[in-house]
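The two complexes that follow have chain A in common; it is paired with chain B in the first and with chain C in the second.
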Partner chain A sequence: MNLMNFVYAFLLLLAAFVFQTTLTGINRKVVARLQRRRGPRFYQQFIDIFKALSKGSTTHGWVFDFGVVMALGGIMATAIFIPFGPLKAVPAMDNIFIIAYVLAVGMLGMAMSASGSGNPWASIGVSRALTNMLAYDIPFMMVVFGLIFAFDTSSLSGLAAIQREGGFLGWHVIRFPLGGIVAMISLQGMLGKKPFDSFIAPAEIASGPMVEYGGRHLGMLFLLHEFSTFIEVSLIVHLFFGGGATVAAFLVKYALIYTFLNIVSNVLPRFKIDQAVTFFYKVPLALAVVQTFLIIVVGMGVA
Partner chain B sequence: MTFDILIVLMFLGAVTAYLVSKADLKAGAYATVLFSLGALVLLLLGRGEIGSEFTILFMGFEVTTIGWYFSGVMVLVYAMTAFFNSYWMDKMIYPGSYNFLYLFSLGGTVGLFFAKDLITLFIFWEIVVWSSTFIVPMGKSRRAAVVYYTISTIGSMATLYGIMLLHRISGTLDIQGAFAPLKNDPVLATVIFFIFIMAGLTKIGIFPFHIWLPLAHGSAPHTFSPVLSGGLVKMGAFIAYMSVGILPAYEAFKGSLTVMGIPIQIYALMILGAVSIVLGTLMAIKQDDAKKLIAYSSVANGGYILIGILLMDQLAFAGSMMHLFNHAIASAAAFLAIAVVAHRTGTTKISELGGMIHRMPLTYLTYLIAIISLAGIPPMGGFVSKWLIIQGLADQGLMFMALAAFFGSIGSFLYVFRPLAAVFLGQLAPRHEELASAPLLMKIPMTILMVLILFFGVLPGWILGIIGQIQVAAGIEPVMMSGNSILAVNGVLNTLNVFMVFGFGFLIALVIFMLMQKSRRVGLMDTYTSAEFIYTPELYHYGSAFYAPFERLYARHPSVEDFLMALAYKGHEAGLMVNALFFSHKPGVTVFWITVIVAVVTLGGVGL
Partner chain C sequence: MTTNSKDMRKTWEKIADYFRAHSIWMKWYCTGCGAIEMPPTMTSRFDMEQLGMGPMATPRQADVLLITGYLSAKTLRRVIYSYEQMQDPKYVVGFGSCTLNGGIYFDSYATMTRLDHYLPVDLYIAGCMPRPEAIMNAFDTLIKMIEKGEAKGWRHYQENHDWYRKNQLHSLKEVYVKDEFHE
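Then we have the complex of A and B:
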């Protein structure tokens, strides 16, 4: 690692931010059209973020501040590990388990800061968010485990490159359809979209973890949300949709998947948290185990 | 020369500490600090003597790399925890004996890891079991000690039987020689394997022997829980290593049925490990006592360690060896942090605490770093070891072990966060507003442990080097490093780069934070309350039943404890029956039994 890596990393972060924030803006418009509204301008999300950052705020002690910095820092570090199409800021660091666990640093920082506010609504939200994570991550990791066993690599770009060899039909979502379904459902959980959004339920627990934030704290959490969305959607694009031979291909796939999930989210109601756990352990986990069994024991779709 | 001095010094130190305690309690506690630190220094100085042999009285010892490594872990935990001893002297009934047993058990563990023959091994094993059995009831409960001793005895008696069987077969008690004839006899090897490993399983707390951990760890004196969880549990891992590594289980079971290339005998134990991970995680999530919570997390982590050791491969074995060290220091640090809270507030119940960060920030930081490592999140040590274990499992395609490992990993976020949120964060109760922070002597070990956890997470090279030597000695491929990168079959981990990228991200976030308008500081009660007026901070704190919706899902789970309690009750009933039949106060009954016995003896004699 030298200075150039860090400059490169910074530029990629900036690109990821601009892209995802624009996409969020466009999706706000898409949702509005679904609901027969006109919707905000596509750059409204940028305005919201910078406005929040520039406003005054209150703090509940050093851990409230430190947690936000740790959360955004951890999430940005994770985003640096994600290959941006074919581009990588840091070579040989896109190991899927590293990404999955570095991601947790950010989550922990956010949870810590929220609980540090002293507001019980925040703690309830965090407890739900963690339970949600226990639900969606296990099926997802199981499928990933099967992929790693099949192709002897846990590098995201490596797994993406393998898929591109066979063209469209080589994509893992085609070769391992059960795994693809599991990954899409898990992604919905990761993104915290309906039906798995009970941890931020605004009317029920006053937005949960977000309840006490304002001003720069809230602005940074907006940033965090854009970056974590970028990480999670990219994971699926790389693992199941062939990644990207070019940046453009990567971004198109990314945008389509994200918009699709967003539309799905807007026509669904909300699961209670225990319903979400039961659902994930009944359907996606069973599918994931079957898929992994087929890969490891039968070798189906591998050769 | 260093190691016989070390072992003898610990036993002499035990007596010295006892005598000093008679004169002055605090001085006796400081003696335990000095002696255990001395042991640490001697151990580090003696690294060059690996491979040498020595004898004390009739007992033979051999300094092996793995023995040195295990002793290092153990002595480090003992030495760090010893700093806390002096604060509990006035709370114990027998403080002098506590100091004595503390060093006595330390001597026992070191001797155990260097034992050259099986009898020496057993003697030192029992020294540790007995001395810790007497320390446990000095805490909250006598029953905990009874359960601990009973479970330990099941293990040690099985192992003793295994040792005698080995002696009968091979005619030697030497560790290397005794197992040699088993290589060509799979049936006998299977029997010895299961009998011998029993002591290990009971000590690690593998299902169904896990029930002693929450009881003993939860109710032992606050200063001994870190040693129990961080240290003594690891003795079991040593026995597990002997059962697969020295026995050569893989060689002996060559003809057996295999599952994914693993002999069925070993696979069966790995399933127990996986069950322990899931069970420990689920139970830890619902505990209200912080110490019991960490105890159940030890059950889960014991499962990881057992699976890794049983695999005896390049990655998972290395991960498991490193996890042993990482879990030892992280769980010791977590227990110590809780001990500070208990020292200041008098309770370890999560629902009775809150907001401790505002009174003891360093303790909070210690707990935070410890749990980040326990949960296996970078850049702490626990991440490196869990990463190695999971890469190893992925390499072998052991999907059900991996399922348990993933569940344990994500589940650990849940249970480690619970004390963080409810003990250290949240509302500070008014009755706790005047609490002082941790005393200086407690801050020293906590700071050292924090630095160690972080250091070995960023630069694990030194430890992995030692583990590589252990692997070479055990005849397996050593874990590969190149610079700061760990090279696994299916992935590369450069911990320094992870740390640097994380630092970079943190820096950007910090710059954004600093550039923006300064925030106004408000109190903890100055929060959104849905327009209610709330004046009691205790009531505005989310501390009990933290994961209520999730806990509800398995509230009515079957429990092995219930079964064992029923068994104990039946045993008690049988005892009552024997009592009623033989130990009657009526002379007639006694005369009857004497007549019967005399008759049986006489007739039996005639028959012969």
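Then we have the complex of A and C:
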């Protein structure tokens, strides 16, 4: 670690923010076209974020303020460890376990801050968000442990490089199709898209954890959302879609996966939280168990 | 409005006003019949998202308080609470004739006839009901007003708070935000 690592990390965060925010804007346009509307400008998401940051804000106690900063800081710190295609801000630190643990700082900061606002809707939203996390994490981590067992490495770029050796057919989503399906369903849950968005639910619990946020605090939450989306989609690109030999290949794969999930999200209704948990513990968990069994006992696809 | 119309904004305020004008998040206060005009404005026929507008779930997140229709004594109190929870800068749009002069309820004992005695209204949309075309037109005007820094109702409310509070107390007897959680 030297000064250049920090400069690279800063540039990587900036690139991630610009890319993901533009992609969110384009996806708002895609959704509008699905609904036969014209839709907003593609840079609307930037305007929304800067507008929110330019407004005044109120506090609900120091837990509320500190939690937002902790969440944003934790998520930005996690984003530094994600390889941006072949580029890495911090070499040899792109370990799945590091990312999983640092990511929790951001999630818990968010939960702490929302509970600190003292609004009952926020408490309901946070409890649903954490329940949802418990649901998608178990099948997802089971498949990831299978991959780590099969290839003896937990480095994201290491796993991505192994996939690229066999070309398109070497991608883990082809070699371990059940695991790929589990990962895509879990990603839908991670991103909080329909049908797993019961913790946001604007008309039911008034946007859940975000209910008391306004102005600058809300702007920080939007930033946080962009960075956490970047982390989660990048994880799947590296683990199952061969990462990126070049930055362009990485960004194209990323954009296609994100747009696909967004389109799927917009033609589905919403699960209740108990239905979401039951679903995750029935279908994806069963698929994950079968996939891990095939990897560990049969050795299918490992070769 | 008595606030002077001279442009006293700093450069960063002008930039901020550009962002505020092109990203309008609304809290709809839908007690009157006007709410029925909002779904067509929002969906594919008129598509208000192309102007950067969208509905928000809570007053804290919203920039514009859109009051669609008449207000009774009970609902006016909730409108004032909602308005005071919003973050500066914030704008109020009165929708339909009822907010303007009482409309068809002008002689009712239970409705408020003029909204701008109680809250600083930046823009009125006249009509009973205003059609979605009128709403889109009005928001186009609001965007231009915010961009030029003319929508200063929130500042007017701060500067003339005593006058507004006197009117509110005259009609409602008591106005205070009850905080059940922290009591």
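Everything below uses one rule, namely that the second predicted complex is superposed on the first by the 303 of 303 C-alpha atoms of A that agree within 3 Å, B and C clash if a C-alpha of one lies under 4 Å from a C-alpha of the other, contacts with A are read in each partner's own complex, and residues count from 1 in each chain.
The working rule: a residue touches a chain if its C-beta (ideal position, glycine included) is under 8 Å from a C-beta of that chain, and two chains touch if they have at least 3 such contacts.
This one's a predicted model, so the numbers in the text were calculated from it and none came from an experiment.
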Inquiry  = According to the stated criteria, A:M142 is in contact with first (chain B), second (chain C), both, or neither; which is it?
reply    = first
Task = With the two complexes superposed on chain A, say which partner A:L261 touches: chain B (first), chain C (second), both, or neither.
result = neither
Task = Would you sort A:G39 into first (chain B), second (chain C), both or neither based on which partner it touches?
result = second
Query = Does the superposition put A:G118 against chain B (first), chain C (second), both, or neither?
reply = both
Task = For A:L287, select first, second, both or neither according to whether it touches chain B, chain C, the two together, or no partner.
result = neither
Task = Classify the contacts of A:V90 with the two partner chains as first (chain B alone), second (chain C alone), both, or neither.
result = first
Message = Under the stated touch criterion, name the partner, chain B or chain C, that contacts more residues in chain A.
response = B
Task = Tell me which partner A:D274 touches in the superposition: chain B (first), chain C (second), both or neither.
result = first
Inquiry  = Output check: A:L13 vs chain B and chain C. Expected answer is one of first, second, both, neither. What do you get?
reply    = first
Task = Pick one for A:S155: touches chain B only (first), chain C only (second), both, or neither.
result = first
Note = After superposition on chain A, the chain A residues reached by both chain B and chain C are 54-58, 118-120, 206, 211-212, 215
Inquiry  = If we count contacts the way the header does, which residues on chain A are in touch with chain C in the complex?
reply    = 28, 32, 35-41, 44, 47-48, 50-51, 54-58, 118-120, 202-203, 206-207, 210-215, 218
Query = Where on chain C is chain A touching in the complex?
reply = 16, 19-20, 22-23, 25, 43-44, 47, 49-50, 52, 55-58, 60-61, 63, 86-89, 181-182
Inquiry  = Using the touch definition from the top, list the residues of chain B that touch chain A in their complex.
reply    = 260, 355, 357-358, 361, 364, 368, 372, 375-378, 383, 386-387, 390-391, 393-395, 397, 399, 402-403, 406-407, 410-411, 413-414, 417, 420-422, 425-427, 485, 489-494, 497-498, 500-502, 504-510, 512-513, 516-517, 519-528, 530, 537, 540-542, 546-547, 549-550, 552-553
Message = Per the contact definition, I'd like the list of chain A residues that touch chain B in the complex.
response = 1, 6, 9-10, 13, 53-63, 65, 68-81, 90, 92-93, 95, 97-98, 101-102, 104-105, 107-108, 111-112, 115-121, 123-124, 126-128, 130-131, 133-134, 137-138, 141-142, 145-146, 148-149, 152-155, 206, 211-212, 215-217, 219-220, 223, 272-274, 277-278, 289, 292-293, 296
